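Got a structure for you, written out below as structure tokens; questions coming shortly.
For clarity, chains are labelled A, B and C in written order, and residue numbers in each chain start from 1.
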Amino acid sequence: MLEPVILLTALINGLMFGAIYALVALGLTLIYGVLHIINFAHGALLMLAMYAVFLLFTQFQLDPYLALPVVVPGFFVLGYVLYRFLIGKLARGKDQNILLITLGLSVVLENGALFFFKADIQTLNLEYAYDMIEIGPALVTLPKAISFGASIVIGLALWALMAKTDLGKAIRAVAKERVGARLMGIDVDHIFAVSYGIGIACLGAAACLLMPSFYVTPTIGHVFVIIAFTTVVLGGMGSFVGALIGGFLIGITESFGGLFLGESLGQIGIPLIFVLILLFRPTGLFGGKA
Amino acid sequence: MMLEVQGLSKSFGGLQAVAQVSLAVPQEQIVSLIGPNGAGKTTLFAMVAGFLKPDAGEVRLSGKLVSGLKPHQVCDLGMVRTFQITQPFAKLSIRENIMIGAYHHTDQPRRAAERAEAVASQVGMKMNLDAPADDLTVAGRKRLELARALATQPKLLLLDEVMAGLNPSEVEEILKIIRGIRDSGVTIFLIEHVMQAVMSLSDYTYVLNNGQLIASGTPEQVAKDPHVVEAYLGHGAAARLTGGDRRA
Amino acid sequence: MRSVKLQTLGVGVVFLVALPWLLDSEFLIGFAVLVLYSATLGQSWNILGGYAGQFSFGSVLFFGTGAYTSSILHVTYGINPWIGLLVGVVMGMAVGAFVGFLSFRFGLRGSYFALITLAFAEAFRILANTVEFTGAGIGIYIPLRQEPANFQFTSQMGFYYVILAFFLISTYITLRLEHTRFGARLMAIRENEDAAEALGVNTFRHKMLAIMISGGIGAAGGTFYAQYYLYIDPYIAYGVEKSVEMLLVSIIGGMGTVFGPLVGAFALHSINEIARHYLEAPGMSLVVYGVILVLIIGFLPDGLIGLLKSKKKAGDDA
């Protein structure tokens, strides 16, 4: 049998990655919860953010953590503009159109990246990338520990934004009752674009936290898009708490999957969970009734 | 009896939408179910037509148990519904829309098209049948709902608020068409929010409020029933009003 | 009217049959092969997505299943690839039935159906990457033995006639959808599933048939790919790219139309060649596709073929 230390290490590693998944999924679930659309470009936009972090580091020697105040607002603006002037305009209110437009967007982004950056795997070589810290019996790299803590802080900040501010109130009003919100004088299109922007800003944050310990390729979005959708579906579409817990569960699943089933087959846990949840509990583990 | 509903109930979450409703629709009659908005009419219809699974109770069509069947199986047995919010096949032409109903009895496109045209004229659709259904006005859409359902050659037609949103002259026309359909031997069970519209049409009327039947009888009897007036106009209204047309 | 249409179709078929002699160039015939191959795959997507309205993001499931079935039968068991083709088509239909049964029985519609097909494709890719009999990550090399009896040809022309046959069969099936009750009912399901069900259409059964037909055609395309390139691996067979290509040609050309996939495939491969030879930027062609997809959804919901049709209509009216 496997030693407890190995299991514990796998668990902790799963939680560390799960925090990032949760952050990516938070953006997706926010977009779904407010706009009721499936943002298929989520993975590709994360890829774009990761390249942005990569370029800021290689061109301007900007540390990925210090890049947070640049990338996060930058991606908020990008998301806002994308929704306001492209997605929202062209979709004409049809769900499937949004799915296809965001798919088209991801095709453009991925192949654009392939053209500019080639298919090579790129990493940042940071001095502190392999600094270890001890968590109980397990050793964890510093960047993973930071990303874990930061993801939780950002998740809480997002929750506070939604629960405590006027903007959050407006967003929740629009999510619940868009016609009513419009009648009350809320600029619904603006709120939609803001929500999309916040969702994409989460990707900017995730990219900054990921890059010190991860790599980027033009197709990295494929990996994350399925993970993000699985997380969101698992937690219940539109549920914040669900996305957080879902992220951790997915991280752990992946970690244990790799441990017990091997590197290749271990990956099957995620699409399998996705299929099973969609079939048997489409409202997610923590979602209410459909 | 064409349709028998026995103790039908449905709740959503904690909310009882339909509670222990029993009613009957005799052959070749027009029976209506009226009630204020949110009374549970559409939920009841959805259960009768197989779109919703009832929590309890059963539905029989000509004595055959239909609750638990899928909508297309219910249609096979001769009961077909229309939708309150019209559901046209938007990108198909008007003719093609009606043909989907007509295909229920033939797999020949030519015969389905002929049947579609006949039904279209029966419901007074005189427009170009090759136009997309998307282009129809509200009144046109209501007729299309009717025509498609009729094209399946049902024994029993369930009409969900076919008069809502129509102007008085359009209502007059559709009343005539519905009577014509009944006279051709089809039994009709309809829901309507507006009482006056069904007064002259129905042989028998049931009144639903908060998910429960509160009255039934001929339209005249029902209109005089103080429970009904109160359900529509609020507590004490029966004393103050005699039931004038409040429709804007 | 109908006879004129039939005549046009007849001329089109004769033209396609004569095309290799007219082109008389390995390069151009090779180009035509690719167009017809993409159009066939597009037709697979079109029947399910364009006609029945079930947008799949994982149609590569059928492609990969066809490719693997014939290749494994051929390489591991020495079974002739023509027989492998038939078995592959059956397997493609079976995979369609499997995915369809689960998705439709549990009432998944719209975006959820798209996502679950994507997840199934991903699960298949991981399985193919892991298990022994698919050659795992290494893939399968099909030995070169260029004989027509072995589904391999010395020139493009042989492949051309095979893929032309696939294309014509798939297009004939699509054409029949326009003129039959089955097709009309699929379109009704696409436009409004509840209304179709209310009018007596067994929507589950119809969607099952649609996904199985789609699966069979997609699998034939997969076997063709394997025999044409003589190599298959999990990423080619079950990767996202092929799924996207299948829906791109259909949507860009015009989903829910008989010739949309052909028009889309021609447009796509033309852009591809231009990008490769004149711009020397092969990756850019997909960027262009993506932009076109977005523009088509925004401005031309009937695809390129809708553009041709509206022009023709304007001409007729004049």
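For this structure, a couple of remarks:
Going forward, a contact is a pair of C-beta atoms (placed from the backbone, for glycine too) under 8 Å apart; a residue touches a chain by one contact, two chains touch by 3 or more.
Small disclaimer: the values here were computed from a predicted structure and weren't measured.
Distances between chain centres, each the mean of the C-alpha atoms, put B farthest from subunit C.
Two chain pairs, A-C and B-C, are compared here, and A-C has more C-beta pairs in contact (counted per touch definition above). Computed from the mean C-alpha positions, the centre of subunit A lies at a distance of 47 Å from the centre of subunit B. The distance from the centre of subunit A to the centre of subunit C, with each centre set as the mean of the Cα atoms, comes to 32 Å. Distance between chain centres (mean CA atoms), subunit B to subunit C: 43 Å. By the touch rule above, subunit A contacts subunit C in their complex via residues 38, 86, 89-92, 95-97, 99-101, 103-112, 114-115, 222, 226, 229-230, 233, 262, 264-265, 267-268, 270-272, 274-275, 278-280, 282. Here subunit C touches subunit A in the complex through residues 55, 57, 102-103, 106, 108, 110-112, 114-116, 118-120, 122-123, 126-127, 129-130, 136-137, 240, 244, 247-248, 251, 281, 283-284, 286-287, 289-294, 297-299, going by the rule given at the top.
For subunit C in complex with subunit B, the touching residues are 179-181, 184-185, 187-188, 191-192, 194-204.
Residues of subunit B touching subunit C in their complex: 49, 51, 70-72, 75-76, 80-83, 87-92, 96, 99-101, 103-104, 106-109, 112, 148-149, 151-152.
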